[in-house]
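You will see two complexes here that share chain A, one where it goes with chain B and one where it goes with chain C.
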Partner chain A sequence: MHDIYAILTGPLAWLSFAVFLGGSLYRFISLYQLARKKDGAVFQYMDLKFALRSIAHWLTPFGAKNMRMNPAMTVVTFAFHIALFIAPLFVFAHVVLIEESFGIHWFTLPDSVADILSIIVVLSCVFFFARRIMRPEVKFLTTWVDIVILIIVAAPFATGVWVFHQWAGFPTMTLVHIFSGELMLAIIPFTKLFHMFLFPFTRGYIGSEFGGVRMAKDW
Partner chain B sequence: MTDSTPVPDNEIDDQGIIQGVEQLSPEKIERIINEVLSEETGAKLKVYVDTCVHCGLCSEGCHYYVSRDKDPKFSPAGKVKQTMWEIMRKKGKVSPEFIKQAAVIAYTQCNLCKRCAMYCPFGIDIAYVLSVVRRICHRLGVVPLYIQDTAHSHSVTGNQMWVKDDEWVDTLMWQEEEARDEAPNLRIPLDVEGADTFYSVIGPEPKFRAQLIYQAAMIMNAAGEDWTMPSMPGWDNSDMCMFTGDYEMMERLKKMHFEAATKLKAKRIVMGECGHAFRSVYDMGNRALGWKMPPIPIVHALEYYHELFSQDKIKIKHKFDRPVTLHDPCNIVRGRGLHEMARSVVNSTCKTFIEMTPNREHNYCCGAGGGVINCGPPFKNARLDSNKIKAEQLFAAKAKGAEVVIAPCHNCHGGLEDIIHHYGVDMELKFLGDIIYEIMEKPEE
Partner chain C sequence: MNTTVKQMILLFLISAGVLIPSFSFCDDYMNIDEEAFTKKQRPFVSFNHDEHNEMAGLEEDCALCHHMYEDGKLVEDESSEDMACSECHAKENDPKQMELAATYHKRCRECHVEKKQGPITCGACHKKVK
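So, the complex of A and B:
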């Protein structure tokens, strides 16, 4: 058990960070080079002001008509993404590990808050899953990869809650927790999760087109 | 979690597609697809396809989806799934039967109206993705017969409607003569160098809506406009090649049009009430020719009318007194933001204006745009079934008292006319020019 723990928190942790950072960098550079070669016009029309205008509207809850048309999805999506970032970065247990390894530390959340945020992530994933199998227009688009990604995203949070509450078998769950977190990080560059980095560019581009050329709103 | 095979729709009866598909081989399909994907597309297409998280939130943005009782096959991403996802996943190894279905989807089940781009949280330009599918179909020679005929006309005559050079001039002179009954000194000035305004129209105007040229001449005359029209090819600003995916021809057409205006040293191009033509000169054609923005100022009829009223260039006898509603055409609203100007003109000319909802950028498409109506009779019933929501939107405006629908776009006219008849909406359809012509003061001398 301790050996596995050592591997998970040692080499595998480094590996997952490396794959995440290296993979993301690779994808960025290759997409940028391809865009330079094939989509020169994109750079011509990209406009910081209109890109930010569009991004701001779409990062504001209910800031776009479609968000108002789908209130449940909007609430869950925002809650999910916020919790997804806040919980792992500021949960006490993580910050302590960082401090032990690197000697730096930062603000931490009260455990109960981190617990609730993690539960929000898990429940959001359940919501997304239900949506995927129940709504015909989403089901039509859903592939098995979408479901696997959803499970991989939910896993570190579900196991995190488990470990925090020290439910039965929590030492094993700790290993699953660490591994699933590393797995999630590592697959980001190679799956739809990469949308976290591409969002500002796709949104920004259509915002630039609508703002600068079409002189219309895009929200 | 359905598997990713294209879903066959009802069988089609279009010889352009059927015979085009008969000539295909899997090798040709693979070669052409990979040529288009590697040479003509790049990071934009890749990012659009990779970023889509399959959330389905674009669905409500599409009038096809809403009108087809929320059939997922008609959602924007659903259409991409049945076409581009498969094409990219299989790296072009798709069957002729697949191409047939892809052509039906890309040419007849999407108006390229870009409404869904405003509903996708990532702002994915799904119309662009389906344009690439059209481009592939064009390169494969699988294009609906009727729209391909207009593309042929473009390449032979430079205009969309097989109008011969002498017929064009003859039509202008005929309209001039007719108009001189009303305004004796009226001219339709041909080939005047250095005029302020170069006026261009779409092929269907001389072909079967010549009275629109008459009306435009009356308006220009009343406004004292220094204007001209070209006597030679280049007069037609329309562009069905843009919609078939024949981008080489689109470039030729736009070049002819811009050059006709610049040869006459015109200061600007004013164009008739057409949406797709505006898209081709302001958005797609100029870009294809390497112009970030059009090389010569482009003024849509709506902007021109706005100028007439804001600068008091024409006077009206009285306001149009029947209650009107306004249809916002995609290409000049989502394409150029002319919705507030349109309202200003409507309020300057009409007594009672009733909004239809949704409106402005969120208005529902007429169902005719993107070349869909130009695919002709084989797809007419499907087109009308696919825009039930537009009929409902018109009925709602009618219930609020509107009697007349103003649609400042030719395609929208065609589409709305069909919808009004098919669903028995019983409203009258007008161009803004019709109304202005009807109510303006016509100089007597």
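So, the complex of A and C:
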């Protein structure tokens, strides 16, 4: 227990941050080079105005036509993404650990709020899973990797709720909590979770490509 | 004496027998620096000082925790049992006492990790009152 804890909170924590940052940098550079080599037209199509307009629409709840067509998905995905970032960054137990390691701290949420946000993340993952197996057009695109990613994303939050409420076996579950968080961070650069950084570029490109013309059936 | 009165007396004696030892048992436990934390976040840590030090073999080594610093330097052979940790480690105007909490966590956990003994996870010390 003590040895595993020491490894998880020591070398493995640093490793996961290094893989996350280093991997992200590598992916940025390699994707840029790939686009330059294979699809130079991307750079000519890029238009700041249309890019920013599309990004703004997609960052606004129900701001894009696609979101109005799928209201349930829109509500869940916004709740999910907001909770996903707010809960781990502002839960008291994490901020006090930052204070212990780096001597800085910031605003913290009441534990009950962090608890609810974490439950929202877990339930959202259940929704995404159901959507992946029930909607034919989504099922068609789903592979086992998508399901594994959903489990890895849900795991730190499910175990976080578990250890906060001190349900049976919570000391071991604390180790699973730490590990699953590190795992999630480390896989970001190499999975579709990388959309957290790529989103402005993919969205910006699509926005630039259609420009002022909507619903053009030019595919 | 009728049966009801006898039963009442018996019940009283049993509950006294259960409660009195548990009260005296509780006496050994202390809620460290409880007043310093005005806005409590987690169940308070109840700590049995003497039992802990006996198990950890620290009876002679008070200054390991009750240390004394002057001008940022550790004063050897000096200890601070008569002071509350919060006298030095608390920050004014912080109801959550983040820095004091961090100081406690580090003191306890670093030793437990090093000695490979004692609680290290959040809930193992901050036990929920059932």
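Simple rule for what comes next: the second predicted complex is superposed on the first by the 210 of 219 C-alpha atoms of A that agree within 3 Å, B and C clash if a C-alpha of one lies under 4 Å from a C-alpha of the other, contacts with A are read in each partner's own complex, and residues count from 1 in each chain.
Definition applied: a residue touches a chain if its C-beta (ideal position, glycine included) is under 8 Å from a C-beta of that chain, and two chains touch if they have at least 3 such contacts.
Everything quoted here is computed from the prediction, not taken from an experiment.
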Quiz item: Looking at the overlay, does A:M1 come into contact with chain B only (first), chain C only (second), both, or neither?
Solution: second
Quiz item: In the superposed arrangement, does A:A18 touch chain B (first), chain C (second), both or neither?
Solution: neither
Quiz item: Touch check for A:L48: first (chain B), second (chain C), both, or neither?
Solution: neither
Quiz item: What's your read, chain B or chain C touching more residues of chain A?
Solution: B
Exercise. Considering only the touch criterion stated at the top, classify A:M196 as touching first (chain B), second (chain C), both, or neither.
Key: neither
Quiz item: chain C touches which residues of chain A in the complex?
Solution: 1-3, 5-6, 92-93, 95-97, 99-100, 105, 108, 111, 163-166, 170-171, 174-175
Practice problem: Mind listing the chain C positions that touch chain A in their complex? | Solution: 41-42, 96, 98-99, 101-102, 105-106, 112-113, 116-117, 119-124, 127-128
Self-check item: Touch list for chain B against partner chain A, complex
Solution: 1-2, 4, 41-44, 46-48, 50-57, 59-61, 65, 70, 72-73, 75, 77-78, 81, 117-119, 121-125, 283, 287, 292-293, 333-337, 339, 361-362
Quiz prompt | Residues on chain A engaged by chain B in the complex (per definition of touch) | solution = 31-32, 34-35, 37-39, 41-42, 44-45, 54, 58, 64-66, 69-70, 73, 132-133, 135-144, 146-147, 192, 194-195, 198-199, 201-203, 205-207, 209-210, 213-219
